[in-house]
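The next part holds the structures, each set out as structure tokens.
After this come two complexes, each holding subunit A, first together with subunit B and then together with subunit C.
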Partner chain A sequence: MSSSFLDVFYLFFPYVSVSLFLILSIYRLITWFRVPMDIKWPLSPTPKTNRGVVASILKELVTFSSLYESDDIYWLAIIFLHFSLIFILLHVVSFLFNSMLAPDPISILRTTLYPATKDWLEIWTILIGFIAITSLLYILLRRLLVKEVREITFLRDYTELVLLLVIFILGTCMRLFNLVSMEEVVEYFLSLASLNPIKPPQNPIFLLHCLLAQLYIIYFPFSRCFHVIGYFINGWIVRKGVR
Partner chain B sequence: MRLNLEYPGQKYALKPTLVKTAKTLNLPFPREWTLQNLNLPPNWKEIFLKEFEKVLKRFRSVKLYLDICVHCGACADKCHYFLATLDPNNMPVKRADLLRDIYRRYFTKAGRIADKLSGKRVELTEDYVRKLYTYFYQCSMCRRCAVFCPYGIDTAEITMAAREILSAIGLTPSSLTTSIANCEITGNHIGMTPRGLLNAIELLEEEIEEETGIRVKVPINKKGAEVLYVPPSADFRPGGPHWGTLKGAIIFFHHIGLDYTLSTKASEGGNFGTWLNYEHMKKINRKIYEEAVRLGVKWILGGECGHMYRVAHAFMATMNGDLAEKLEVPQSPFTGTVFKNAEATKLVHIMEFVADLFKHKKLDVDKSKNDQYIVTFSDSCNPARVMGLIEEPRYVIKQVCNNYVELDPNVNRERTLCCGAGGGLLTPETLELRLKAIKPKMDAIKRTGANYLALICAIDKSVYDEYFLHYNMDVQVGGVIELVGNAINFQADNLRR
Partner chain C sequence: MKLLLDGYRALSNKPEDYEKAAKNIYDLLKNQFRRKYRIIKTSLDLCTRCGICTTQCFLYETTGEEIYNPIYRINLLRKLIHERKSRFYSIFHRGRKNKDNMITAEELHALAENIYRCNMCRRCSMACPFKVDNALIVREVRDLLSRLNIAPRDLHEYGALRQLKYDAVISMNKAAFLDIVKFMEEEIKEKRGFKIEIPVDKKGAEYLLLNVASDYIRILEDVMGIIEVLDYLGVDYTLSTEFNDASNYGVFYNDDYLAQIIRRHIEVAKKLEVKKIVVGECGHATLSLRVFKDVVPEAREFEVISVLELVDEYLRRGKLNLDPSKNRELVTYHDPCFLTRIIGLIEEPRRLLKASVLNFVEMEPNREYNYCCGGGGGIAVMYSNNFLEWRMKVSGRKKVEQIEKTGAKIVATACSNCKRQLKDLAFHYKAKWEVYGVLRLVANALVY
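The block that comes next holds the complex of A and B.
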């Protein structure tokens, strides 16, 4: 009885989580854009052209330069964390595109970022997983041990960090001990994308990892992590000078 | 860094507004109150939340800043008031949190749920409002924290929003409201009447004749002049560190033959209303433009005042754009340069104007007249971080001085340390706080070995004079235009065709 409930759950829950993620994110964006910009107050020195503003936003995105000037070790951890997040995101998203459309940008990126042999891909994901876990641990410890930062950290920050940490640990374990083969995962994802879902691989670690990741993306629009999108809007407001 | 959990910032809270000042300015709920007994009106919670809602519906930036902060702590040790007091509430992130907690508790669904689940109850009580008053009037709105924030979250905008809400329930400090009342009734923040101004100008003309042998006649309230010159009113005080700035400017204008006029109505470039709420900021700014339209000038030349440019550069076009349309786009009559950045505001900074003249090699100066000074320049927060006026003053100084030393860029340029007295904090009760906060900059000035500190902000000039006295440093404080006035070979109407 319970196993059939779990099967049914994993057949429809991914659709629920992805739709909630999209709907809630768009809702949040609308609540921001509904408010007008009454007074435009840029932070000088600002770039002189719109192209300059975009370039400045992208530069900050890639190098986190203002954080570097504040605290260099933290900057290193943040860079590692964000880049490993991007790689893992691309890795997971590439499951959806594998052998559906060819050639497509994601798989090209995947074959250039990770050489095409399967073993190297596995080693690479494990490495990225370890880097992400180390940087998350550093950030968590910084929040616990440094007095100033503990003063400004609340339950919300701890839960989000721990959630991300657990998701990464489970994922790395999966790949490290080869608990689930990548073909099964790809098959499952492709079946979801083609709206013809099949039963997921029955490994409990995989199921837990999936569940936590889906809870995370449902919570994402209200978490601190939504700063990813707010960064661009804020960056434009702060840099676009009054002409 | 150790945090001082006794919250020492509380002893620097600003004194409350006097009843008669509140009545003069039509502020809500004029009444006697002290910091211990706020004496709030009975429906203050409703008014607070209604005003907060109005602010949230008006400024996308404020809503974003309250939503986006991830509490990374990069801004924490950048605020000079935090470094002076080590009070946790002076960290920009916690200062913004004082407002953010109310926002999340009352205005977001997630926040209301989280408040019930977690143990941390945020209640809008009188104690909480006292904290809001204390700490949001301990931010000088200098925006240094925004430079280091990865997203550029601007605590100054959050402070403006908080002060707007606080003034709606009748909590305002007397340091601001007295000056604003002076400005709205007499015409300028120091309360100098038109007759007083005329006397000061007469004294200035006599001094110029003594020093240079040329008698100038300063036009006042002259209709149909090309330019209206609006200095900060502190410049009109004889004998202070600002007096040299006015003298240098007048000598300079007569040397080049600029068709300008002063005005007794628009005798104030500064705008203390910026630091209180939107209504008063608009009123005081409007005065300058009304006068410019009445006198029929083409454009406005602003003196060495810092926050005048914040108001003009960032806010003016929204607030008083309808009046500014009646003026013309500023164009230098001697070089033909059109100041396109002032297309909407019609207000040009004197440094831009002078730098333009130097660039076109229109001025004949003798640098050796400033040889007794070793000059260093300290960026003021508003010209540097809101206007981007970083290179022009340095360029002008290098054109008129032989000995220029650059200050340590960690406390200068975009990262400049605020003088500590903006935002309404120029009062005797904050002197100790400000003296502690300015220490890094004093050390940097000492390291350069300078004996003249050039500044383009009137508040800076007043307070640095006092700080040098307390720090026992023998450094003269003055304006950049003063150095220009010293160096030019003064003959009248030199550039007028």
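The block that comes next holds the complex of A and C.
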């Protein structure tokens, strides 16, 4: 494959993947909301007021309490995975914001959370990468080794996990061995955001990481990871016993 | 057709039925099942197969067999829904690769047997991070299959159909019912020393009391307990000679019969010009008239309460004078799944019991985390084939262990189905504990 083809590919594919992600997510939500919720069948004990329902949903969202009650090691792995995902999202977004707006709320949050000197940033990114990889490995091993989980697993469950794992490993390698400089990456993303794309940083690991991440977000609305949104819908129905 | 799952059989359908059903199931799936409830769609899409529910399912804990895994049956259903869509989609799923991607009669048999193994206790939903509602899914699959004439004999022919034909699940005519009422009056006179009058077919009363008909035959003492307490409190209630059976097996397996039976209940209530309906000690009957009453639009004008709520209201107002020393034995309370995890009657029976017994001990786990008795989801009334054996050896084992651990002599509960299953269990395991209704103990402790 010639490098010019690759360049062109990376100039337009991010737009394709992001728009596919949005369209498919909306499609998925429409298929959900087209079905009526015609039963009052709550999971008692339920909160009495709407505020109580919201509080209960948020409490579980932050603490993952129902997981903790059943399986505490798995709970730890899930907590680490989700919080590292949130950190990485914040990280990427804060970089973008940082360059677009001068004093943005997210970078203020970031600087208060940890010292934003360049070395610290590097170390944090690598550390979070390792935490995410470890927890993903644990989840994968649990799927492979624990009988009750293995016997209900489909092939696509492994595929989703492995895809996420590979993305994380490539991302962490990039930072660990400093394969691409952060400035280049930010520049590339900003150019994409301003609809005036430039050539991506020329590193095979970065390109692969980028490609897999895009495939992941295209697949996202149809993967189990769509629980990000479904959690609230199901949580509301069950706690409210909606009719 | 080869034998699937284990040796036990819940259904008595013939192989031809499954073959016929396997052809027709797809239309029903498309038009009915998938457009019914949003939570079913979201639940099927959301389940990440994390396996947390497997730690909660007592059936899986007892047996450790794959077929009792809560997700196993959902996976069977998921295959049914998705695999016909496309060949491409099916490579992501484990399992079947037959020619048309149609479900085979054997697989349908496995699914049908499997959904009648679920007790619909919803402990799995309690633990699930996304609150995937396995019980509702199971109920809807049962509904789907019952439209293809696949339903257990005990729920369908001996249950709902018989109730609609003879007014009660057990055939009990007016004369027999009046006899029973008379007998109860005499018994209470013997016990208390004074005569009480049980109102029957009284027009314009405030409450219509509906009991499960088989309670009048099997556990009359529990019904007498309810009547004594209501009489003591001076509640303006009435029994009905017509359609006096509160039970509604439609809850477990079919929407049409559910609606028909609710309609009959409402007819009775309208005829007797009552204001509210009180359901006796029964989980699924309370559920049918409270949660599913929206299936029948005219049912909305009646408020439906459980008798526990009614009596608890009086207890909190201090109208109930109880002497706990009349019940000296160690009592534990079994939370019926439907009353606890759907209707939410958790503290009411406990308040009543603590006020009326001397020694009360909780099971472990209790309240909304309590184990099912093993007869939930209509399984308690299924005796066909060798299913009683399954109920005793597989589904009830956990409960027996749990009760024995408390060392209680009396297991109080407030559900007719649970009582039936617990009594069967006590007989099978030659247990030393007895099963009482909550209000029977309350009636015992009354101070006149």
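By our rule, the second predicted complex is superposed on the first by the 238 of 243 C-alpha atoms of A that agree within 3 Å, B and C clash if a C-alpha of one lies under 4 Å from a C-alpha of the other, contacts with A are read in each partner's own complex, and residues count from 1 in each chain.
Note that a contact is a pair of C-beta atoms (placed from the backbone, for glycine too) under 8 Å apart; a residue touches a chain by one contact, two chains touch by 3 or more.
Fair warning: this is a prediction, and the values are worked out from it, not measured in the lab.
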>> After the overlay on subunit A, what do you see for subunit B versus subunit C, clash or fit?
In response: clash
> Just subunit B (first), just subunit C (second), both, or neither: which does A:32 touch?
Replying inline: both
> Where does A:195 make contact in the superposed view: on subunit B (first), on subunit C (second), on both, or on neither?
Replying inline: neither
>> Quick check for you: in the superposed arrangement, does A:157 touch first (subunit B), second (subunit C), both or neither?
In response: both
> First (subunit B), second (subunit C), both or neither: which does A:145 touch?
Replying inline: neither
> What is the contact status of A:73 with respect to subunit B (first) and subunit C (second): first, second, both, or neither?
Replying inline: neither
> Of all the subunit A residues, which ones make contact with subunit B and with subunit C?
Replying inline: 31-33, 35-46, 60, 64, 66-67, 69-71, 74, 146, 148-149, 151-157, 224, 226-227, 230-231, 233-235, 237-239, 243
>> Could you list, by residue number, the parts of subunit C that touch subunit A in their complex?
In response: 34-43, 45-52, 54-56, 60, 66, 69, 71-72, 75, 91-94, 122, 125-133, 136, 291-292, 294, 340-344, 346, 368
>> With touch defined as at the start, can you tell me which subunit A residues reach subunit C in the complex?
In response: 28, 31-33, 35-46, 60, 64, 66-67, 69-71, 74, 142, 146, 148-149, 151-157, 159, 224, 226-227, 230-231, 233-235, 237-239, 243
> Of all residues in subunit A, which touch subunit B in the complex?
Replying inline: 31-33, 35-46, 60, 64, 66-67, 69-71, 74, 146-149, 151-157, 222, 224, 226-227, 230-231, 233-235, 237-239, 241-243
> Quick one: in the complex, what on subunit B touches subunit A?
Replying inline: 1-3, 56-61, 63-65, 67-68, 70-78, 88, 91, 93-94, 97, 110, 114, 118, 120, 143, 146-154, 157, 310, 313-315, 317-318, 341, 343-344, 384-390, 414
